[in-house]
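Two complexes are shown next, each including subunit A; its partner changes from subunit B in the first to subunit C in the second.
Take a look at the complex of A and B:
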C-alpha cells in the first residue's frame, strides 16, 4: 500500500539516485567539483552547480552494475584496501566519464579515502588547467576551529568570484541560509518525533531527508522544505495515533553507527524490520545536531558555516574528531532513542571507525549495551553478503536476549 | 646489507636502529634527562630539543606481531605500521619515554592517542598535533598556534621554559644535522656508493634514537670516515629510489640490493623526506619559522592536498641528481593517502619514461616473499637482463 511516507521516500530517492555519473551535465552555470562535502549553501547561493565526486562514486555502487564498477575501480590500481565508493569514483575519473569542471575545491573531510580522491582529482592531468582550491578541515571543534574553517570558506567564495568573474550576492546567500535553517529545524523536529515508541514511521526517512536537503540537485530549495513539512506533519499525526511503522511489530530498536551505504537499507535493514521487528532507529548520516546559521553578520555566518561543517554535518562529526565525541554520541543516541543495541558495521574503508573498535566495545560493555561489530563493506555486498549480515545480526539479537 | 666498511660509528648506529631502547637512552635517563616520543616527521624535534628533552621517534623495529594492538585497531583495515608501533607501546617497550606527541598525519595514526589514553599503557603526558591538509599562510598560522599550545603544555608538564633563543639554537642544531645527513646521502650519487641502503636507514633511524648533540658529533666523524673510503670497483647495478611512507627497518632495501639493485636515495617518512631544505634560523618568531618549514616549504605528506607538486618536483630532482633508473613506490596496505599519491606519481613517471614498481605490503618482513619476486623482475626489466 502506498502511503504518504512511501510517496515521500520515492520523491527523495528519485532525486538522490538520479545522481549517478556526472550530475553537473544537466546543470546550468559554472560547475564546482569537490571530493566531498563543501558548504552547500555557498554554491547554491552563488548559482553554481556543485558535484561531490565521492557521492557520485557511492551512487555508482547502488547501480545494478555495481560489482563491475567496483572491479574496474580496483583495476585502476588506486589502492587495494581503498573504500569502494572512492574506487568507483576513481574509475569514473580515469575513464574520462566526468566532465571537466570549471573549478575544483577539495578538502580532507571527512576521511583519508576522500583525501585520496582529492589527490587524484588535483593530479588528474587532463584537468591540469582547472583552477583549484584546497581546504584544511581541522580535527577539532571549538570556536577557534570554526573561525579557522569559516575563514577558509570565505576564501573559497573569493576563489569562486575570481574564477567566474562574478560576485557573491550576499542577500541571496542569506536567503539560502534562512531556507537551510528552516530545513534543518524540520529535520530536528522529525528526529524528535522518531523517538516515540513504537517508532512512528520508517526511520530511514531521516537519512533520506538529510541527503535530500544537502546532496541532490533540489537542495536548499522550497521543494525540499515542503517535502520536510509534509514528513513532519504526517509523522506528528502518527505519533498522536500511537501507531508504529506499517506492518512492523517493533521488538528491538538499534543504532547502526556508520553510513547505511548503498545496499544495506533495502536488504538487511528492511528484512530485519519485517521479519524480526528489529528497527534501525539511527545511522550516522541521520543523527542531527544542527544549530541555526547565525545571520547577524558576515563573520558570524561564516563561523556558523565552520561549525556546521566541522561538527554538525554527517560523517564529518563522526569521522574527523576524537573517539570521545564518537562514543558520547553513541551513548546519547542509545539513551534518547531508547536503543537496545549498537551495531558497528565497521565499514572496511573507514580507518577512523576501525581505529575505535576496542573503545566502543569497552564503552558498550561498561554501560550494558549489547554491541556487535560486523566488519562489512557498505558499498560492496560481495564482501559480506546481505544474508551473512542478516544471520549475524539475528544471532546477535537472539544471544543478547533481545528477540 | 653491509658495505663491508669498518666503522665504530656504523656499528653504534646499527645497534641503535636495531632496537627500541638503547644505551644512549639509558645514559640520558641516568643523567636525569627526560625522553619525549613522537610520531610523524612533521612534529618538530626542535621544540623538544629546545626544551632539553630527548626526542625519540616511535617506530616498530623488530616487531613480529601486532597481537595486542589488534584489540584496538581492526587488523584487516588498519595500516600495519601503526598497529605494530602501538603494539610496542602496549607491550612496554616504550616505558622509558616520559611523554609522547602524536602527529595526527592520517586517520589511523591520530587514533593512537585515543587508544593509548584508554589503555593500561597510558602515560601522564600525551598530546596530539595535526598536520594541516593544505598549505598557505592561514594553515601555517594554524600550525604555529598548535606549536605554541604544545610549547606551553611541555613547559607546564615538565616545569621548564622554552625561550626563543633556545628554540633558535635548536633550529641551528637540527639544520646542522640535516646538512650532515644530506652530505652523507650525497655520497650515494657516485657509481659505487660507499654505504648501502640498510646502512643509510640505520644512520637516519639512529638519529631519532639518541641525543642530538651526540648524534651530530657522530655524524661529523662518520662523514669524515666516509670521505676517506676508497671503494673497489663494483659490478653494474640498477640505481633505484624508494618513495613512500616510513620504513624504519632494512628488509625491503636488503631485498632490492640482494637482487642487484642499489638504492641510491629515497623519499620516505623516516629518511629523505626529513632532509628537505632548512628551517629559517634567525626568525624573530622561531615557532613561525618551524611552522612555515613544515607547512609551506616541506609539505611532503600526501595527506596535504597541496603536497603533490612538491613531492613530484622532489622526486624528479632526485632522479636527476642521483641518476635514478627506477622508482620503488612502497606503501603499507590500507595507507590510502600514499596509495593515491603513488598512483598519480606513477602516471607522471611513466610519461617521463621512468619505470616505477608499486608495492603494497605489510610491516613485517615475513610478508616480503612476493615482493622479492616482483623486485627481481623489475630490476631485470630495467637492466635488460644484463645484471
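Take a look at the complex of A and C:
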C-alpha cells in the first residue's frame, strides 16, 4: 500500500543507495576516506565528502552480486570469521576499485574488523602518498573520555586544514550542529512514538531515518529535517487514531539486539511482521540515546562529538563498553518499549556480542524474558538462510506462547 | 553499605544550605506506608497505568530536556535513620507554575491577572494549560533510600526500578543514562499532578518493589542549570562508586566486565615474557646468521 510512510521510505532508500561503491567513487572532493563513523558534522561544515569504506563494503552485501563480492573478499586473505562487510570492503580496496581519496582519517573502534580495515587502508601501497590521520578512541564512557576523544576530533580538523589549505568555518560548523540537533530531536520523538501499542508505523523507519541523517550525502541538510518532520507528524496522527502498522495485526513486539544488516529487514523481519504479527521494535542503529551538541564553546562542541562517538553511536555504544551497559540497555528497551522477547542474531562477525551470549541468556532468564540466540550472518544469507531464520523465530515464538 | 553515605550527607547539607539562604524550597511530609500514600494521590500508579505515549501537543511541560540540563541520582544506605522518611523536597518552581512562562505579556494583561484576584488566577491557570509545551524546566532528581538489609547486591535491582516505563499516569520518562528527561501530560496536570505527586508515585513504586526499604526521601531541583551542574558534579563521583559496585557484583557472578589491560596485573604475564624472550633469541640468531 502506498502511503506517506512508504513514500518516505523510498526517499530515504534512494539516498541510501548513494552509499554503494559507484556513487561513493563519484563523490566530489576533497574526499576524506574513513573506516567508521567520523563525526559527520565536521566534514559537512568543512564542505568535503566523507566516505566510510566500512559502509561501502556493507552496502556491497546488499547488491545482487553480494555472494561473489564476499567470496572475493575471502581471497584477499582476511580472516575467515571476519565480518563480511569488511571482507567486501577489503576486496574493493585490494582490487583497486576505490577512488584515491585526498586524505584518510581512521580510528580504532568498537569492531575488530573495522580496525583491521583501517590498518589495510593505511598500509595500502598505491595510497602511500595520501595524508593519513589516526584517532585514538578510549574504551570507556566518562567525561574524561569524551574530552579526550573530542581533542582527537579537534586535531583531525587541524589535519584537514593542513591537507586542504582551507580553514574550518566555525560559524558554519555551529549552523550545521543546530540543524543536527533538530534532526536528533525529531528522531528521538519518533522513537518515543514507537512506544505506543500497537506500534503506529514501520519501526524500521527509525533505522532508515538514522542512516539517512547520519550517513548519506543528504545528511544534516534541511531536506532530511523536512523528511523527519513529515515522519513524526504522520506518526503522531496514527497514534491519535490508535492505528497500528497497515495490514499488520500486532501480536509480538521484540528487540533485535544487533544490526539489521543488509538482508534481514526486507526478508525475515518483513515476513514475521506480515505473517505472524511479530514486530521488530528496535535494533542497534535505531536505538537513539543522543544528547544535543552543546554549542556553548568550541571545547563543549567537540566534547559533545566525543560523547556521541563513544557512547551514542550505533554499535559503538553496544560493543565498545561493558557487558553491564549492554545488559542494562536490553532491560531498558524491553521495559520502555514493551517488548515480549529478545532476539540475539549473534552475527558471526560480532565477536564482542557473541562473547556475551551466556550473560544475556542469564539476564533474560532472571527477568522472565524469552530470548533466542540465532548465530547468523547479517551480511551473507547463505550462512543461515532467511527461511531458516524465519522458521527458528516462528518456532521460538510458538514455544514461548507468544503466538 | 555505607559507600554513598557521604553523598547522602552532601545532598542533605546542600538542601539545608539553600534553605538557609532563603531559596524557594517546598517540603512535603508523607506517611511512611504505601497504602497511606496511595489514599491521597490524584493519579494512578502501577503497571500499564500510563497510556503509553505523551504526544508533543498533549505535553504540559518537559522536565530536563537536554538543552536545559538534567541529572538523576540514586543513593542508598543501610542506615535508615540518616533519612527523613517520606520527605519530598522541591527546590524551584512547581509544575503548575510553568505554564505562566508560556503566556505572552499581552495575554496576562488581557485577563487582568496583574491585579491578582482569585478568578484571574483560575483563568490564568486554564490558559496556561492550553499552551503548547514550549517550556521545559531543568530537572534534577535525587532518590535516597535507607534499609538495614540493603547491600551492594541490591544495586542492580534498585537501578532497574528507576526504569519507570508506564507506571505513572500522565508521566513518561524518555531519558537514558545519567540524565532524566521526561514529559508531563496536560491531562495529568488537570488532575493536579505536581512534584508532590511525582514524589508520591516514586515512593509507591520503590517501596512496593523493595520491601527492604525502611526510609525514603525524594528531592527535585528545577531552578537553573547552575544548580543542576552542582548535582552533576556529585553524580560523576557517585557514578564512579556505582561502577565499582557493578564490577564487584559481576565478579560474584563470575565475570570480569572491565578486563584490565595492564600487563603487570595479568596472570598470563610469565607466558608472554617467555614468548618475548624466545622471539628476542630468534631475532638475535637471525641477525647473527645474516651477518
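Assume the second predicted complex is superposed on the first by the 399 of 403 C-alpha atoms of A that agree within 3 Å, B and C clash if a C-alpha of one lies under 4 Å from a C-alpha of the other, contacts with A are read in each partner's own complex, and residues count from 1 in each chain.
Operating definition for what follows: a contact is a pair of C-beta atoms (placed from the backbone, for glycine too) under 8 Å apart; a residue touches a chain by one contact, two chains touch by 3 or more.
Being a predicted model, the structure only gives us computed values, none of them experimental.
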item	value
Combined model on subunit A where subunit B meets subunit C, clash or fit	clash
Partner chain in contact with A:196 - subunit B first, subunit C second, else both or neither	second
Touching partner for A:178 - first (subunit B), second (subunit C), both, neither	neither
Which superposed partner A:348 touches (first subunit B, second subunit C, both, neither)	first
Partner chain(s) touched by A:117 [first = subunit B, second = subunit C, both, neither]	first
Touching partner for A:142 - first (subunit B), second (subunit C), both, neither	second
Which superposed partner A:63 touches (first subunit B, second subunit C, both, neither)	neither
Partner touching more residues of subunit A, whether subunit B or subunit C	B
Region of subunit B that runs into subunit C when the structures are aligned on their shared chain, from 117-125, 171-179, 225-233 or 351-359	117-125
Subunit A positions touched by subunit B in one structure and by subunit C in the second	322-324, 359, 362
Complex interface listing, subunit A residues touching subunit C	142-143, 188-189, 192-193, 195-197, 236, 239-240, 289, 291-292, 311, 322-324, 328, 331-332, 335-336, 338, 359, 362
Contact footprint of subunit A on subunit B as seen in their complex	71-74, 76-79, 104, 106-108, 110-111, 114-115, 118, 130, 132-135, 138-139, 142, 145, 302-303, 305-306, 308, 331, 333-337, 339-341, 343-344, 346-348, 358, 360
Residue numbers on subunit C that touch subunit A, as the complex places them	52-53, 55-57, 66-67, 159-160, 163, 165-166, 172, 174, 176-177, 179, 236, 239-240, 246, 250, 253, 255, 257-258
Residue numbers on subunit A that touch subunit B, as the complex places them	76-83, 106-108, 111-113, 115-120, 122-123, 125, 134-140, 144, 148, 151-152, 155, 319, 322-324, 346, 348-352, 354-359, 362, 373, 375
